[in-house]
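A, B, C and D are the chain letters, set down in written order, and residue numbers restart from 1 in every chain.
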Amino acid sequence: MSGDSFGKVFILTTFGESHGYGLGGVVQGCPSGIPLSEAFIQKYLDLRRPGKGISSTKRQEKDKVKLLSGVFEGKTTGTAIGFFIANEDMRSRDYSKIKNIYRPGHADFTYDKKYGFRDYRGGGRSSGRETVSRVVGGSIARAFLNTLGIVIQAYTLELGGIRVEKIDLNEIEKNYFFSPDKDVIPKWENRIQEVKSVGDTLGGIVEIRAFNVPAGLGEPVFDKLDARLAYALMGVGAVKGVEIGTGFEVAKKLGSQTNDFLTSNGFMSNNAGGILGGISSGQDIVVRAAVKPIPSLGKVQRTVDTKGREVEIRVGGRHDISAIPRIVPVLEAMVALVLADFILLQRRMGTF
Amino acid sequence: MSGDSFGKVFILTTFGESHGYGLGGVVQGCPSGIPLSEAFIQKYLDLRRPGKGISSTKRQEKDKVKLLSGVFEGKTTGTAIGFFIANEDMRSRDYSKIKNIYRPGHADFTYDKKYGFRDYRGGGRSSGRETVSRVVGGSIARAFLNTLGIVIQAYTLELGGIRVEKIDLNEIEKNYFFSPDKDVIPKWENRIQEVKSVGDTLGGIVEIRAFNVPAGLGEPVFDKLDARLAYALMGVGAVKGVEIGTGFEVAKKLGSQTNDFLTSNGFMSNNAGGILGGISSGQDIVVRAAVKPIPSLGKVQRTVDTKGREVEIRVGGRHDISAIPRIVPVLEAMVALVLADFILLQRRMGTF
Amino acid sequence: MSGDSFGKVFILTTFGESHGYGLGGVVQGCPSGIPLSEAFIQKYLDLRRPGKGISSTKRQEKDKVKLLSGVFEGKTTGTAIGFFIANEDMRSRDYSKIKNIYRPGHADFTYDKKYGFRDYRGGGRSSGRETVSRVVGGSIARAFLNTLGIVIQAYTLELGGIRVEKIDLNEIEKNYFFSPDKDVIPKWENRIQEVKSVGDTLGGIVEIRAFNVPAGLGEPVFDKLDARLAYALMGVGAVKGVEIGTGFEVAKKLGSQTNDFLTSNGFMSNNAGGILGGISSGQDIVVRAAVKPIPSLGKVQRTVDTKGREVEIRVGGRHDISAIPRIVPVLEAMVALVLADFILLQRRMGTF
Amino acid sequence: MSGDSFGKVFILTTFGESHGYGLGGVVQGCPSGIPLSEAFIQKYLDLRRPGKGISSTKRQEKDKVKLLSGVFEGKTTGTAIGFFIANEDMRSRDYSKIKNIYRPGHADFTYDKKYGFRDYRGGGRSSGRETVSRVVGGSIARAFLNTLGIVIQAYTLELGGIRVEKIDLNEIEKNYFFSPDKDVIPKWENRIQEVKSVGDTLGGIVEIRAFNVPAGLGEPVFDKLDARLAYALMGVGAVKGVEIGTGFEVAKKLGSQTNDFLTSNGFMSNNAGGILGGISSGQDIVVRAAVKPIPSLGKVQRTVDTKGREVEIRVGGRHDISAIPRIVPVLEAMVALVLADFILLQRRMGTF
C-alpha cells in the first residue's frame, strides 16, 4: 500500500488536491443491500463546511458529492462505490507568493523533500481539503453501521485551553462548535476574538464516542482496535496526540484506579475506553484527539525559500482560526471506517 | 490482514503464547546483504528481560533467540527470516483459579467474546510475553537502520506520577529504569516500595526519539509517519495514549507557539516532533506513549466468572509493579519497524 | 483487500459499471516526476475501442479520459492519480428482457448468488467495459516503464482456431487484429463471417511480450513474477488459461528440451519465458492468454430466470464476435501494472 | 507484501531453506474452534514425501510437523498458528561444485541478480522443499473447509506426454502417481525408465477439483476466484501454465460450445470450470496446471559460472524424474488456501 487507502476489508481509497478538479475516492468491500444515497452522505459533508464565527475562510465550496458507481436502486450492490466532489472555487489565484516558500507548520518543506517538487496551489494533496473524501467514506461506513444500530458522536472537549464542564450529547448538533456544553460557548467565542485580533490561531481537543459497539472487534496483536483508532485519527492533519479512555492520565494512577471491575450488571467504570487487550468490550468506545492550532497565521513568521534563503511570510487572515470544529465530523468519519472494517473482519468467525 | 503482521514492505509476522512451546515470527522484505546474527538480536532481547527492583516476576526466561532462516554466512539473503524463542518456564501451573474468571484490566473477557473461548494459561496470546517477537523483529529492522546511521533511543520520562527533570541520553543505559535522569531514580524506587506494600501497581510515560532520520519518510494521506507510529505504539499492550512532539499540549497553545520557524541553519524548534504533513522533516522524531499500571494486583478485586457470577480475585505478587521499564525496548522496536518500512517504501522514488 | 485494487506498491483501484455515470479509478504509488498527460493515456484507450469488422457492437463510446489529480505541470506529483471516463452512451435501454434472466456464460447468476441482487444494466460491474480503467492504469504504469526503456507488446496469436504463421512485430499496429502476420488476416476475416452468419462467436489466444525487463523482478515464494502475471491476466474477463514461455507444452517435453542453457553470450533459448524461479532473468518475458468466445450469441440458448423457471434467450447481434482484438491492449495494460509494481518493490534493494 | 505471505484474510506466511535448520510458517485469520492436530496435518505432509519408483531422491526426510501456537485443547484459538518442520538431512555436503555455477533451469542465476548473492546449499529458499510449508498451511485451510463439507482432490492427468483415459476418483489414493486411471500406470512406469536411463526428466499436467464449493466466492474485478487460483498455482515452482474448465481449448471453440446452459436442474455442462465472472457458481471447480520437467539432469549441460565463464555441469541422478507426483498435494494445498480465504471474505456479506 502506498498511503491513499484505508482499511483491510472495508477500504477507502482517495485522491484529489485543494485546487485541482476536485476530490474523490472509491469504497470497496461494503456489503451489498445497504441503503445509500447522495443525500445521506451530503448531510455529513455539510457538517464539515466552513461556517461563520470561528471559521473565516472565504472559500465557500458547496461540496456536493456525486456517487458514480456501486449503488443501484438506492442500495449498495457490493461492488466498488466511486464518488467525486468537484472543486468549484479553484480560481486562478496568485500563488507566486508561496510557490517558492516553505510555510511554517505546513507540509511544503517535507513534500519537496519527499517528492522532489510539489503542487503548491493551496497545499495540493496536503491541504485539509483532502478530508472531504474521508467524510464521504466515513458516511458510507455509517450507512452500514446504521444497519447494526452503531452510533458515533464526536464533540469539542476543549478549545483554546478552555474545557467543557459538562457533556450533554443533545446540545452538540445545536451549536456550530459541536459543543456538548452550551455554557462554554461564549467563553470560546471571546477567546477566538482575542486571538484573531492578534493574527494567531487556536488548538483544542476533540472527544469521539461510539455507542452500541459489539464486543469482539479488533485483531491482535498488531491490528488492535485501539491501535487502528490511533492510526486513523493521528493520520488526520493537525492531530498531534490520541488517547483511549483514561488516556495519558493513566501515567499518574494506580492499577486499582485504572482497572474496571465487573459485576453481574456489567463493568462498574470505563477507564479502558471500551477496549481491553485491543478488543472491544461492548462498553462505549471513548477516544480523544489533540488538535494543533492552524499553522497559517496573520502574523509575520520567519522561514526560508526553496533555495534556503531566509524570508518572512504573513499568510493572511483568510484562514480558519482553528481546525475545530470542522475537524469534528472528519474524526467521526475515521472512527466509522475503523469500526466498519473490524465488523466485517469479525464476521469471518460467524459471530454476527 | 488478520492482525499478526506489521508493515507493508518490511513485514513482521508473529505467533506464540505465554505458556505454549514458545514465540516466534517471520520478517520478510528485509534487503539482502545486511549483517545479522543471533548475538546482535540477543542484546536487545536481554534489555527486555525481567530485572530486579521494580520487576518482581518470578519467571526467569533466558529468552534465547534462534534464527531459523534468511541469514547465510552472516548476512541477510533477502528471503524470509524465521526466528523462534522457546518458552522454558512453562511448567504446568495450576490455572484452575483463573480459568473461568475474567481478571479486571486483562483481555480475558474480550478474548472470550471474540473467539468463543481462550487459552487461559498466563493470558495466552494476550500476554505481554508476546512482545519478545516484536523486539526480535525490531532488532532486525535496526540491523538495517544501522547501515544508514539511524539511531533509536527510548527512555522513561515519568513513572508513578514523578517526571524526570533532565534528559541525559548517556545515563539511560546505565540504570535499570532506562532513566535519562539519575537523580529521579531514588524517588521512583520509593514510590515503587510504597505502592508495592499495598499490592498496587504504577503507570508512566515513555519517550522515544529517532536520530538521523532522513527527510521524506511517510506516505500521505493515511499512512503518514505519525499515523503509523501511533498505530505501532498504541498496539503494544498497556499503552493508552500516543503523542508526537508537543503532543496534547498543542491544545492549549497558539499557532505562533507551535509552528517551527525555519532559518538557513534549519528549524529553530521541534514542536512538530520531526514530522510535518505526516512526513519526516529530517529533525529528530519525538514520540511519547502513556503506559497504564499493570492490571494484576495484590489487592482483592471484584469481577465475574464466565457464567456471569460475581467473584473476588487477588492475582498475587508474582507480577511486575509496572510495565516500565520492560516496555521501553519494545517501544523502540516498534519505532524501528515503522522506520525500516518507510525507508524501503521511499526507495521506490530512487531518492536513497 | 476486496478485489477492486491491483498491486502492492504501484496500485490501481477501479470503480464503475457499464451503464452508470462512468468508470474511473485511482493510481497510487507512482513515483513523482514522471511525464504524464491525458493525450498519452488516450492513445492506449483508443486502441481498445470497438472497431469495424470483427467488432459489431453498436455502442460507440469516445472513452475520453479525464485526469483528476496527481499530475501538476505535466508530471506526476507522487500523490494519488484520480481519473474518470464518462459513459456517454448509457441511454435508457429496455432491460426488462434480461433483468430477470441469467444469460449463459455471463456473470448474472453468480453476481446474484454473491450479492443477493445485481445491477442488470449491461452487466453492471461485470461488463467488459470495466477494462477501460485497467487500460488507463496500465498506461500510467507504462509512462513510468518508459523512463526505464521497458516495452510491452501484445498481439493475436490465434483466432477461431487459426494460428499466425510468423511473428513480425512491425505488422501489429498496422492492422485492426493486432496480428503479427498480415497473411493470416483474410483467413480470420472469412472465419468471422462464417461464424457471424450463424449467430455464433469465436475464441483465440493472445501473446504478450515485454522487452528490456531488468533481471531480478519477482518476490518469491508466493509473489513470483509468473504468479502475478497469471493473476493479472486470468482476472481479465474471458481469459480461461495463462501460460509462460513453453507453457502447457512442457508437459510433453524432456528436461533437456525445456532447460535454457547459458553461454558467455547469455541464454541460448527462452523456454522459460524470461522467468526462472519466479524472478525475471533479463530475457524477454513471454506469456499467453486463452480467450473464450463472447457468451452473447445471436442463437437461441436455454437458461433459467431468477425464479428458476426455464426460458429461452437470444441476446442479439449487437455484440462483438470475439473479445479479440479489443482485449489485446487490456492484457498489455495488466502486464505493465505487474512490472511497474515489481520494479518499485525491487528498488528497496537499492539495485536500480 | 514482500512475497512470503499468501492470502488476504486467511493468510499463510512461510520461511525456510532447503539446508537450513528447517521450514515453517504462520497461519493467521483462521476462525477459532476448528479441530486441528499435528496428526491431521501430518497425513497431508506424508503424501508429499519422496517415494519409490518415479522419485529417486536419496533425501529421506521424515518431515514431522510441530504446531507451536494457536491450538489449545485440540481446537484453533483464532490466534496465529505457528509451525515448524526441522530439516533432518542437512549434513554438510560438498557444495563447491555448484556454489559458483548457475544450474540451467534453476533459480541460481536470478537469485544472484535479485539479491546480489545466494544461499547455494540445495537451492536455498528456491528449493522445491519450500513447499512443505504450503502443504501445512493448506492442511490447516482444509481443517476449516472440512467443517463446511468442501473437498479438494488433485490427480495426475498426464505424465511424459501420456494422458489418463478415464477418471476414477476412487483410484487416486491407491497408487503412488495419484492417478485416476490405474491402467495408465504401467505406461508411465515404462516412460520413466526410458527417460531415466538417458539421464533426462519428465513433465506433466495435474488437474485439481474442488467439490461442494458454495456459489458466491471471488472478489471482482481483480481478485476473481480464477485469478487467485492462477496466482496460487503458477507460484508453485515448475508450474508453467494454468487453465480453468475448458482452458486453452476455448481458443478453438464457438460460443455455443463453451457456454453452459442452465435448466431448472442446474447447469447442463461445466465448461466454465465452476467459475462465472470470477465467482464460483456452485458447480465443481476444475483447474489444471502444467508442470515442467525437473531441471536437474543426469546429462551434461552447458552453462556459465558466476564470473560468466562457460562450464559444463552434470547434476547427477539423486533427483526426482518429475515433480509429479510430489507436486500433487502441494497444488491441492494451494487451492485449499484460496478457498478458505474467499469463504472468510464472503462471510462479510452475512451469507454463510
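Methods note: a contact is a pair of C-beta atoms (placed from the backbone, for glycine too) under 8 Å apart; a residue touches a chain by one contact, two chains touch by 3 or more.
All values derive from a computational prediction rather than experimental measurement.
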Set of chains adjacent to chain A and to chain B: C, D
Which of A-D and C-D has more C-beta contact pairs: C-D
Chain located farthest away, centre of chain B as origin (C-alpha): C
Chain A and chain C: spacing of chain centres that average the CA atoms, whole Å: 38
Chain A and chain D, separation of their C-alpha mean positions in angstrom: 46
Centroid spacing, where centroids are CA-atom means, of chain C and chain D in whole angstrom: 26
Where chain A touches two or more other chains, by residue: 1-5, 8-9, 14, 29, 32, 78-80, 114-116, 125, 220-221, 345, 349
Chain D-facing residues of chain C, complex: 1-6, 8, 14, 102, 104-107, 109-111, 113-116, 125-126, 130, 158, 160-161, 195, 200-205, 215-224, 226-235, 237, 239-264, 268, 272-273, 275-282, 290-297, 299, 301-304, 308-310, 345-346, 349, 351
Parts of chain B lying in touch with chain C, wherever the complex brings them together: 9, 29, 31-32, 78-80, 220-221, 344-345, 347-350
Residues of chain D that touch chain B when the two form their complex: 1-5, 8-11, 13-17, 20-26, 28-29, 32-33, 66, 68-70, 72, 75, 77-82, 84, 114-119, 124-125
